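Letters A, B, C, D and E mark the chains in the order given here, with residues in each chain numbered from 1 onward.
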Amino acid sequence: MKENDFNRRDFLKVLGWGGTAVALSGCGNTSIQDGQEIVTSYVTLPSYVIPSIANYFNSTCAQCDAGCNIMGRVREGRVLKAEGNPNSPINRGKMCGLGQSGVQAHYNPDRIRQPLLKGQAVTWEAALGAINDKLNGVKGEQVAFLTGGMSGHVQALFGNYMDALGSKNHFSYEAISPAVLRVANKKAYGMAMPRYRIDKARVVVSFGADFLGAWVSPVNFAQQYAQFRKGTRPEGRGVLVQVEPKMTLTGANADSWIGIRPGTEGMLALGVINALGSAGIKLPADIAAAVKDYTPERVGVNTGVPFERINKLATLLKERSPSLVLAGDAAEGYVNGSQNALAIAMLNHVLGNVGKTVEAAASVPFPQIAPTVGSRSSLNKLNDGLAAGKYKVVFSYGANPVFSAPAAMKFKDNFVKADFKVAFAQYLDETAQAADLVLPLDSAMEDWGTVVPEYMAAPEGSDADTYAQMSFRQPLMQKLYPDTRGVGDILLALLKQRKADEYKDFEDFYSYLHNAVLKNKVALGGKTTDDDDIFWDETLSKGIVPLKGVAGSVSAKMSAADLKLSPATGTDTNYPLRLIPAVSASMRDGRNANEPWLQESPDPLTTVVWDSWVEIHPKTAAKLGIAEGDIVEVASKSGSIKSQAYLFPGIHPDAVSVPVGYGHEGMGRYAKGVGANVFSILDPVFEQETGELALNETNVKISKTGQRVIIVKEEGPLGGSQDGRPKIAVQVQADKVDLSKEV
Amino acid sequence: MSVSNLLENWSKFRHTHPVEDKGHPDWEAYPSDIKWAMAIDLDACTGCNACSVACYAENNLPVVGKEKYSHGQAMHWMRIERYWDESESGFEVDQGARFLPMMCQQCEAAPCETVCPVGATNHTEDGLNSQIYNRCIGSRYCSANCPYKVRYFNWYDYPTTKDVWPSPMNEQLNPDLSVRSKGVMEKCTFCKQRTYVARNNAKTEGRPVQDGDVQTACQEACPAGAITFGNLYDPESKVAQKWQHQQVELTKEKQDKDKTEGNRLRGYRILEELRPYPSVMYLERVRESAV
Amino acid sequence: MGKDIREDIAWAQINKDVLKSLESPRKAYWVILLVALLVFGVGVGCEVYQYNMGMGVANLDNPHVWGLYIASFIFWIGMSHSGTLLSAILHLMHADWRKPIYRFAEAMTTFSLLTAALFVAVHLGRVWQIYYALPYPNERWAWPNFQSPLLWDAMAVFTYLSSSMIFLYVGMIPDLAICRDNIHQGWRKKVYTILALGWEGTDRQWRNFRMTYLTVACFLIPLAVSVHSIVAGDFAMSQQPGWHVTSFPPYFVAGALYSGCAAIISLFVILRYVFRFEEYMTLPILKKIVRLTFAIAMVWTYLNCIEFASVWYSHDEAAKGVLIQKAIGPYAPFWWAMIFCGSVVPFAMMVKKWQTNIPIMFAVSLLLNLGMFLERWMIVSPTFSHGIYPWTFDHDQWPSMVQWGMVFGSFGWFTLLFLVFCKVFPSVSMYEVKEMVYHRSLQSKKEAAGEELAVKGAN
Amino acid sequence: MSQRYLLALYNNFDEAEAVVKELRTADIKGFNAANDMVVKSPIEHPEVEEFIGNKPVYVQWFTLLGASLGGFLAFWLISGSQANFYAQMKGGKPIVPFPPNFVLTYEMFILGGVYITVLGFLILSGLPARRSPLYSAKVSEDQIGVLVKGDEGSVPKLREIFTKHKALEIQEEAGR
Amino acid sequence: MQHILRLFILLVGLFAGVGSYAADAAPKLTTPDDLGPQIEQPIEFPHFRHAGDAKDGGMQINCMYCHTYARRSMVAGIPPVQKCIGCHQSIESVRDKPRIKKLFEYWEAKKPIPWKKVHDLPDFVRFNHERHIQRFYFQQDRPYQEVCGYCHGDVKKMTVARRQKPLTMGWCASCHMKDHPISAHSTKTGHGPNDCFTCHK
């Protein structure tokens, strides 16, 4: 793909509408109608474009923060499908369903098409002018900018803009993020996001880390998992043990799923360490002292896990090394979340996994493009500031806090207190609805940008210690609507309002990016002698820029002194059940809820579609007299929602679970009014060290409303039964098969 | 012509399949060197639905919405089934759930083919179970006779139904295959539009189709690489090697290995005993009993 | 017990009575016609709606792809069998009591087949492409798939429909001649003149007529059996549990005769009243049909039990599952209603007093027909809702109002056709009634003379 | 010599039988009982055939022809069309599978049989026909008609025989 | 009984005739002309001038010079405006002709020309130009006029192309069932695929 940019952009123009017409009319037309259809030819056309043969352009997925590298399949100027980039170390040519749905974010009929000032469509000049007016009247510290996670050149530009405003009020917010994990990892391993080598482990014990579903970088982990399960591996087929109160997708794939009492995961980890010690693993003295009280018997009573099982787990871990122990959302969403995570990390240290299956990852050499990761604690700060009236102008980009903040935080009320709220948005979501000015964003398939993933996977055979990468995001087709803009373009325009001189050379974000990349040609893997255009085109066509990263290191030792495990909070007699907001692989925090493929693809475990549900253990349900399809009210101290009850055996009897991401009041036709928003009833309880919202600390009570519906789901009336058919989904015990010679 | 054809090729027309010969009746003109087949490793499958969404994207599947879904009118060619381990007392969850991706099994002796009154579904020379949308008159007998229930009927005219492909979503539609109108049966085609291109390119280059020339959309997407697709007649292909290693033979309704107790292989085909000779081999899910 | 047909009734009186039915039926005729028209209108409305919206409005789904349309198709095909039974089988058996009623039974055959054919169209997702299923040389060079039982069905139904139409017509030619001779104006005259083909009752005509009638009757019997066997084949040829049953063809045939006989009782009662045929459709005839129906009911019940038994003793878990589901699953009320209507209600026909009680027999016949309709539904639907593949079981699927509307519409359509036929053509065979009274009077004369005469009768 | 038609109507079969028998035995010049006499009756009456003399019925030959042609052609047609260019396997069965073809053959066998039989009936009984001379509607009601054709010279004799057997009515018309 | 015998023979003949025709009726392998309607195009492109024989004043340009995708892709493709301009900007002699003026108008406005589709197959049909060109032009070495002309008719004598062949399914099949030599130097023959799936998408 060595065409200059002009041609390429030209090519991205949609070729006529003939192609669409062809696709649409299906089986109806059997007659041959000469001269009815119009076949539009290009005016000019690069030689690599052949009608009816697809071109692939590399880009980066924007559906979640894992930053998978994708290829857009482009035909006649339309992007049809996203496929994985085979050269990517992250997703290696694979894609998840969420990523596939990116095209629906792009083609979504509910995208905002013009800037909206107080609900009225305005021109960009007017919109940007309004921002300028408002900013001119306020001081730097009165401006707050709320973003989601960011990285790459947009991040750099954003940093410049905040500097230009003289504001330090950047709040990076993600509704669902491994924020506690980062802090705990920093303590335990010395780095926030080490590289996990599931593929090298013989045993993986995951404490609520849904790494196949929604945790950190699921496509990468799923591939590692596939390796891990191969009997032909030198280590043999790996064993997965999942410990969590509510079965996640990963739990559903475990060899052993342990439904633990919510909040006691750390204790179980210590119990396992204790059992390992009794089984003959040499424990450092401090650790041995710390875990001495956590005998399997006691832990068994507290966690609800039979102590034989703890011992068995310890035996397994002892016998099969290396192993990998992961701590995830389910273990961390408590007041004592980071202690849980630390206790779990300690298990890795005890087992000697650190350095083997927990590897150091490198970071990008340019700190200004390194990812800013979001957390919920920053939202608290913003909320407090807004409540105190500190901020006059608030920007919001890539976040939807009005939807995802607990109602008890009263975020919306505080948000509207600000004088002028600007939302950069693709949809008219809840936050955009509350904003004064809405700036329509390009979709990720129309936009330029670069992405640096937080979880840095390394390709096979590379120098993994120093491998870091930057991925390109480039337009896969011409803009659908002329009046949307990329976030980079908007930031640049805003910067020009502040520092016109510095940025006058850059016509748009593309030229900024182009310039920035070529300036750093050598660091990005080029030679000084390379022709600029050729280098640019080659870089773009690869989509991935390997960087020589800054090597990190994992700390080999962990002191038990860090570990003070406070007991799990008990339940309330008025609210006897623990609410576990479930993060599903496709819905995540709900930002993609308006993509119909995701709404229609069944939840893997309950197979429910197009609605939220309340998972209740059959025993609990029997106690409460609840049957499947009953509309139940889930009430916490902070509010209540109604949804349909689904009897689910994979949940702790003292817990109920409701998926997050549903219950939008805005966004669009596919998301609006579908399900209930469980974020709204979360109690404002925070993790004690990080200040993150403790997602799993809400206690609820369940009551029937008397209504009953037929749940819309994929599974039939038998639920998961095979009705005695001998050979449908067959399972075999590992010792009954010979996996070592399989092809 | 056809009567003379009948008399000339009588014996050919009396051949049965798949036991007697290797595929297409016209094998003299077209020596059947391709038999598309699949192997799905249930031990690798995580049930994540990526394949299903990829199928929606590739094959112009309509999103029917909640109301029609509730009537069971969903159009997922690839569906993920979730089973639980069963015991006397109900479902057991200690070893997770069992996921099973289920799509058209492209049976060699497909029950659906014989019953179509207009011959809209046939067996192709490359071993697929073809479904010709514009020939279909919608008697739905094929679906009635399909043991796997993997055929999906267009109960409504989805191209013109509200919110199925509202503009501009229709621009995502793949022009390589038709968008089905109402009253037509459809099903998984093993991404025929892709195999077509692969065969075409191989022919132009004057070589046989090689392993890796073509991937189905589900295979391409599957993060765990649970799906293997390829030419079963090509001994070099991965799928053929898998079938061979698992000692699963296409033309047997009861595999030899199953006659011996305690074989340590895990390949099987679903509902093999009904003798449709499915082209999809599943590999049993493995679970460790040590924990 | 009422009286049988008078043996001394004048032949001219027969002509007069029957021809009167072409002119002045009771008011009830017009009421029924109007109701039928309305009901048919509802059906047409449903079809228009379904045609425009797609089959989804029938509330069928994947995999529950067949519903009441197919059930009704079988029901109507089954209904047609009684006409053949009366006109062909009993003809060969020289049962002379059939003569006053066989004409309308044959008409019923034809019209219920026409109604059944309607359901083929209603059922198809793309009825506008139905010509794809016709075997004719075309520019596409494509032929239908002759392996498909549906095509056999189409062929069998076509053969049956055209044969029974021809049979009905041929048997009617002498009566048409009577009409031609007695009606002297209007379009009817023309119609009768054309249709009578110049029949004059010459010895040559009668000679050939007798042979033809006999031959076609001989053909019709195996044809009728084959038609419903083939319809049974739609199910029995498939691999689905609950359908893949060897005894389906005889079971279907028995069911067909059963529902047909029940329908004959209903129509007997209606025609007798509406066209004032008390003189001809006498209670002894009713008694004979009722007895025949009872016998067939028992055959059907037996075959039903056989079917259950063979499923039960097979080791096919799926088929067993379907049977259990029928009995205790969501369809249980309908299934038990079918058993009740089909196997228990007929015992009412054993009561001698009731055999000639018109209201009771009318009610019983309606119940039997309800039972037989349910039977067809219980064949089609439970297998879909609880078939071979557990994931796709589907217990919550019920026919929508559109489906029901079309089912009712079909009754309207049938009644409409049937009533119009009875108004336009003599629904009692005049010449055969004449033959009947002639032979009977001859016989009684001979008996009176003390002579021994071998008369073959049905009883 | 010109021909005359005579129609006599009788009340019952016995009288008609007597007339017919007499006409058959009577030797009347210009009148051939075998060819020139037709008995019309409102019902099918096998005895008529006996007393009018044995005349063969050929309908069954048509039946044979129709049935065998129907069956043969069905098989030929179906197999031929199955073997056309788009011959594609279905369900692993042969392209020309016998069981289904036999089912259809069976149906076509009957179809052919019925159609050709009825065709034969029409041909053999001379239908459709014009109204014959001297048709009386009475024969479709309750009277038996005996229609004869004879030379002018034979008319008085015929009339005499008719009246002898209590003819209800005698009509005469010139022949063509 | 002679008339009955005659009838028998007649009937047998009728049935046998009709039956044999029906079962054996392959439309003849000729490609009769079935002229489509005359179609008005935005520019009345003179095919005869470009592709016609020299004696007719044509320039004998290979079809695939302009319809360049035919040998590489499913569709033959309408050439981009650029292609027309490529030659025509150096052909001064015809620069003032109205059609060329129109062409340059499009070019200067950078607007695509909305050509009408002449050979329009139903949307569920996949006709692969590449396969046919490869098979007959490259492997069998037939002249391009014949290869293209088999379906498109004698375009080199037309101004605006007009459909000449019926393009029906039976018409396609008539050629597919014919045995064609597999290459110019081979006596081996093969016929076109007959899987429904090959052409129906």
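Here are some notes:
Please note the rule applied: contacts are C-beta pairs under 8 Å (C-beta built on N, C-alpha and C of every residue); 3 or more make two chains touch, one makes a residue touch a chain.
What you are looking at is a predicted structure, and each value in this text was computed from that prediction instead of being measured.
The chains in contact with subunit C and with subunit E alike are A, B, D. Two chain pairs are in question, B-E and A-B; the one with more C-beta pairs in contact is A-B.
When each chain is reduced to the mean of its CA atoms, the one lying nearest the mean of all protein CA atoms is B. Centroid distances built from C-alpha atoms place D farthest away from subunit A.
Here the spacing of subunit C and subunit D, counted between their Cα centres, is 30 Å. Centroids of subunit B and subunit D (each the mean of its C-alpha atoms) stand 62 Å apart. Per-chain CA centroids place subunit A at a distance of 89 Å from subunit D.
For subunit C, the set of residues touching two or more other chains reads 135, 141-143, 145, 147-148, 151, 388-389, 391-392, 394.
The residues of subunit D that reach two or more other chains are 76-77, 79-82, 84-88, 90-91, 93, 124, listed in rising order. Annotation for subunit A: residues 22-23, 25-27, 30, 52, 710, 715, 721-722, 728 touch two or more other chains.
Across the assembly, chains come into contact as A-B, A-C, A-E, B-C, B-D, B-E, C-D, C-E, D-E. Residues 10-12, 15, 135, 141-143, 145-148, 151-152, 155-156, 158-159, 162-163, 166-167, 170, 173-174, 177-178, 181-182, 197-212, 215-216, 219-220, 222-223, 226, 230, 233, 431-432, 434-435, 438 of subunit C are the ones touching subunit D in the complex. Of all residues in subunit B, only 1-4, 26, 29-30, 120, 122, 124-126, 128, 130, 132-135, 176-178, 189, 192-193, 196, 200, 203-204 touch subunit E in the complex they form. Across the interface of their complex, subunit C is touched by residues 68, 71-74, 79, 81, 83, 100, 102, 111, 114-119, 135-141, 143-149, 151-157, 182-185, 271, 274 of subunit B.
Looking at the complex, you find that subunit E touches subunit A at residues 36-37, 39-40, 69, 72-75, 77-82, 106-107, 110-124, 163, 167-168. Interface of subunit E with subunit D (complex): residues 1, 4, 7-8, 11-12, 15-16, 19-20, 22-24, 26, 173, 176-177, 194-196.
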